[in-house]
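Following this line, the structures themselves.
The following pair of complexes shares a single chain, chain A, combined with chain B in the former and chain C in the latter.
Here is the complex of A and B:
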């Protein structure tokens, strides 16, 4: 394996204090490093080919007025596309829509998901069936459910109008959901929540299952009720899962695309555009690939910043 | 393709980080954020090389394969006619040539063309929506037929002027008309009778009839958007326009008094409750065809393709047509349809050009007319009504119909129109303000293609 002198010693010393396996401690040898790289290379190569290379290409595109014709001159425009984006009212509106979508859908998915997970963590008859039912929307195609929700929110005989107007009498006449910005966003958010709940539920359920029963029993002996046990035993134990779900849902929220594209197409008149649908329009409809790439990268940067803040905050609260 | 990945975001990453390993979060988040957001564009290098001349009409020595992309409907008999009548007819005449046709759903064709341009994978011939021709020509992937096709003038002269004009980009013609259509006024006679009004021949008559139609429980008119396809008949019929004839400037045309008056007519009708608000352009409302057949809409503007649809969905409903209601500018509708274009990357231009000629022949055009595609040849007009009686009002309307402004910027101008006119309907702006704003934005776009 490695050189016979130093490595076993280091390994032996470490093994007394750490639970790490020996080969990691001894892993300063070149062969181990080499072996590690050999295992990493295939995955990294695939990642580089399908993600990294196109991402770098996209970054370069965003700095040009890119023409799609092979061999055509695509002049370098520096940061012009980025400057254009942040002066473009439609792009700024699309960011607002994405923020609204995130603010509405993320807390609802977490709260409802957590509630369902807590319910299904108990010894409920038929809980496997319920788990499957609640998870079903997650595995259903976005295309199918987007079209389904378009019907639900159709302005004539849609289910949403039946509930809002005929049953709850919230409005006098049928609401034309997709003719207005916020009513359209509401429909899109409703789909986002409905489709996302099952996913957060499953993560929470996995985390809740991992909470030791003894802790619950000890708390119960100390006189804690169901709510108190959930608050002081379960919740702290699944905090890591909570932050993961929150961070990934926020990333997903900013990247909402298919549902908007299919339900409203960003319309009417760009009212319900989100960054990715607007990027799609600019790139594939108007052939402004440079501008579309700049929109993609602006969104990437924004999402990275938001995710980094969330991560930093999570780590800080966890330490304290 | 990759776009679809953006929402398949979470599950795999997330399951891995359950538990307390917060540190690994950083990597998951970084990766997920990057993966989720970036949109990937494929690009390929290499310049298209054209080989082979365009050939003389009816050359006998042509051979090889010609690839033809189109969006003929596979649900209706269009594809069948192409594959069982037109292509065999051509191949019989030219036995050494094979036509390979590829049916692409209309909604996918534009994207497929864009990808093919980037990858230098265009076919020889494309049946392109008339709106795409200037865009493709501007990309430099189409052969200027007016320069390279010796008999272009003779072929062009046989077609409708309005259809031919859609092929012109910067003084050259990049395609030939293949099929055409336009919008006319379709109305529900029962509703008009019930309201006691005549078929509106002018815009003013339509406005006057609106209260009576409302009393009869119907909207006077309905349209599902405020883009160019929807608004141009009203603007042109009012004597207005979108751009100057050279398509370099919108200010002074789109916001002229006549254009404002044309748009104002519809905005006033909507704001008075005589138009359903599907004109705002959102999805999910009662479709114009469903509204017309069910008597909720008295009139709509639509094309000849609606006849087979009405026949299958509302067999009891008799569809009746009239010219677009006229105004000070006349009764002017908007031209739709498809052109056939030859790509610069075609390796078999001679055979491809010959197939274009065949597509424009009387026999091909009449074969397609039988399945609902209106011919572009001026001299088949009279025989058309024998094939399909419902073509008559469309043929008549086509005599004065105009194409949308021929510019690569059209799809963007179209979006601007929809957005600005919507703002006028919702009272966020006056019609004048809205069209002023639209004209300013359109000017900036048109300036890019001068």
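Here is the complex of A and C:
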């Protein structure tokens, strides 16, 4: 199991002994090169073992009908696991749920995060206290906040029912949030937004702080009001931060896992499954390791394609 | 900027009002949790807007702290988090130093492998990682968690630190080089002392990441003795599904170390987040 990591390392060591003139020229002799490997090899070996090797293995496992029993034969099945996944209504459903989660949570996190960052930008006594408060949900563990929101959305007299039924009269009777697909997804999305706002706020705030004061002052002298300065000075200056946040939030949205696992468990009847909870069920409940790997790999490939399109699109609009 | 004091005060007032309303909305779930943890078992889920329990009690905390297992899980989590954090910071800073200051064949390939790894979501690797842990006999033990926590965190921290090391003026290195200092001395006496803010950021993220880690621990740990706190709390809720006061008392006790680290070091959060996010 350790051989795959040994391969790149021995390769690197071998080329180290063939001293190339430019390393000598840079004043770094053979001892320096040796020292460099002592710095890099322990960390890189571990990194290769638990990250790079499993990444390759995910692909290889997904092409097999993997048997968990040691010594059992795990035949190659080609793309069968992928064909099965894209004909599996539960997997397709889980993808739809992940798309819904992303479409609901990403814009809300960006808009509210940007709103708060704009309020906190510039001189304001006590701004650090607000920043610390808004960031609190981000540092709290997913396990704790998932349980907290399960309680808030609990079927009896939870806070959510108190607001939706007793205060706003949106329904006649208490709602069983986790007994339906969309009410369950709503609760999961609510947690996603609440937990993520502080993160986007911090990034936007850092980007806004970097905007030169002189630009604001010049715009103010030209008679631009607060909103106009935000629209024409701040917003263009933080476009790079905006696109980074959007890309990272989309990746995070498709990879939603712990909140779904703990709040709805994918239920009722697989209706709120997302790709990662379904993968987890397939692998560790039903021991379908090959099929689970195919789901993992499909999701990652899909997310990378979406992120690449986003990246390409921002590059294009930034240039024009 | 030339603004009249009155206008400035009005601006402050509007901003405080908007910030205050949002702060209440965002913090309310925490207050709700805190208040529930002080309510007696029987009247949980009474009135969600009643912040101060009419009959506050410490019985939930007493019960959680009285559980022998809770203390054990707390120590388990602390041990794993501390050992992992030390290893992450040590190995990542060494790698980062070599990538930013030393010349060696294969440097570009290895660094590219680190950057590419940043795009891989860890959950995608959980199945082969599980099989690897099984083959290396690392399942179901606290020591077995460490190599995986360290290995998965190395990429991000190496990337973050090498960016920081790059910003240290090269002239300082050259001055030490002229004095005959080898790479170890330049790393230990120059790069490390000059990088305290960046190292603090790494310590915070590494500690919080391992303290809160859930998915991997859930997958590889079986025995009750070796559970970490997040696992214990999640299972606790399963066993005491109606005793929310108890669940939240346990949760809040688990949050305390996080809160301490967060409030003491909060300025490093901004630095770490922005350097990590903006550069990628």
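Convention: the second predicted complex is superposed on the first by the 272 of 320 C-alpha atoms of A that agree within 3 Å, B and C clash if a C-alpha of one lies under 4 Å from a C-alpha of the other, contacts with A are read in each partner's own complex, and residues count from 1 in each chain.
Note that in this section contacts are C-beta pairs under 8 Å (C-beta built on N, C-alpha and C of every residue); 3 or more make two chains touch, one makes a residue touch a chain.
Computed from a prediction, not measured in an experiment: that's the story for all the values here.
**Q** May I ask you to decide whether A:233 touches chain B, chain C, both, or neither, giving the answer as first, second, both or neither?
**A** In the superposition, A:233 touches no partner, neither chain B nor chain C.
**Q** Between chain B (first) and chain C (second), which does A:269 come into contact with in this model arrangement: first, second, both, or neither?
**A** A:269 sits against chain B, while chain C stays out of touch.
**Q** With both complexes superposed on chain A, which partner does A:311 reach: first (chain B), second (chain C), both or neither?
**A** First partner only.
**Q** Quick check for you: in the superposed arrangement, does A:216 touch first (chain B), second (chain C), both or neither?
**A** second
**Q** Using the superposition on chain A described above, determine whether A:100 touches chain B (first), chain C (second), both, or neither.
**A** neither
**Q** Can you tell me whether chain B or chain C touches more residues on chain A?
**A** Touching more residues of chain A than the other partner does is C.
**Q** Could you look at A:39 and tell me whether it touches chain B, chain C, both or neither (first, second, both, neither)?
**A** second
**Q** Looking at A:199 after the superposition, I want to know if it touches chain B, chain C, both of them or none. Which is it: first, second, both, neither?
**A** Both partners, chain B and chain C.
**Q** Give one of first, second, both or neither to describe whether A:71 is in contact with chain B, with chain C, with both, or with none.
**A** first
**Q** Per the contact definition in the header, classify A:141: touching chain B only (first), chain C only (second), both, or neither.
**A** second
**Q** Common interface residues of chain A with chain B and chain C?
**A** Looking at chain A, the two contact sets intersect at 50-51, 54-55, 57-58, 61, 142, 150, 154, 156, 158, 199, 203, 206-207, 240-241, 244-245, 248, 251, 255, 257-258, 276, 279-280, 283-284, 289, 292-293, 296-297, 299-300, 303-304, 307.
**Q** Enumerate the contact residues on chain B facing chain A in the complex.
**A** For chain B paired with chain A, touching residues are 2-4, 6-7, 9-11, 13-15, 17-22, 25-26, 28-30, 32-48, 110-111, 114, 117-120, 135, 139-141, 225, 277-278, 280-286, 408, 411-412, 415, 418-420, 422-423.
**Q** Show me the residue ranges of chain C that touch chain A in the complex, using the header's touch definition.
**A** That would be residues 1-2, 11-12, 15, 18-19, 22-23, 26-27, 29-30, 32-33, 36, 45-49, 91-92, 94-95, 97-99, 102-107, 109-110, 113-114, 117, 119-121, 123-132, 135-136, 147-148, 150-152, 154-155, 158, 177, 182-184, 187, 208, 211-212, 214-215, 219, 230, 233-234, 237, 244, 247-248, 251, 254-255, 258-259, 262-263, 266, 269-270, 273-274, 277-278, 280 of chain C.
**Q** Could you pull out which chain A residues touch chain B in their complex?
**A** 50-51, 54-55, 57-58, 61, 67-72, 138, 142, 150, 153-156, 158, 176-180, 184, 199, 203, 206-207, 210, 240-241, 243-245, 247-249, 251-252, 254-259, 263-265, 267-270, 276, 279-281, 283-287, 289, 292-293, 296-297, 299-300, 303-304, 307-308, 310-311, 314-315, 318
**Q** Within the complex, which stretch of chain A touches chain C?
**A** Interface residues on the chain A side: 1, 8, 11-12, 15-16, 18, 20, 22-23, 26-28, 31-33, 35-37, 39-40, 42-44, 46-55, 57-58, 61, 112, 116, 119-120, 124-125, 128, 130-137, 139-145, 147-152, 154, 156-159, 162, 194, 197-199, 202-203, 205-207, 216-217, 220, 226, 240-241, 244-245, 248, 251, 255, 257-258, 262, 276, 279-280, 283-284, 289, 292-293, 296-297, 299-300, 303-304, 307.
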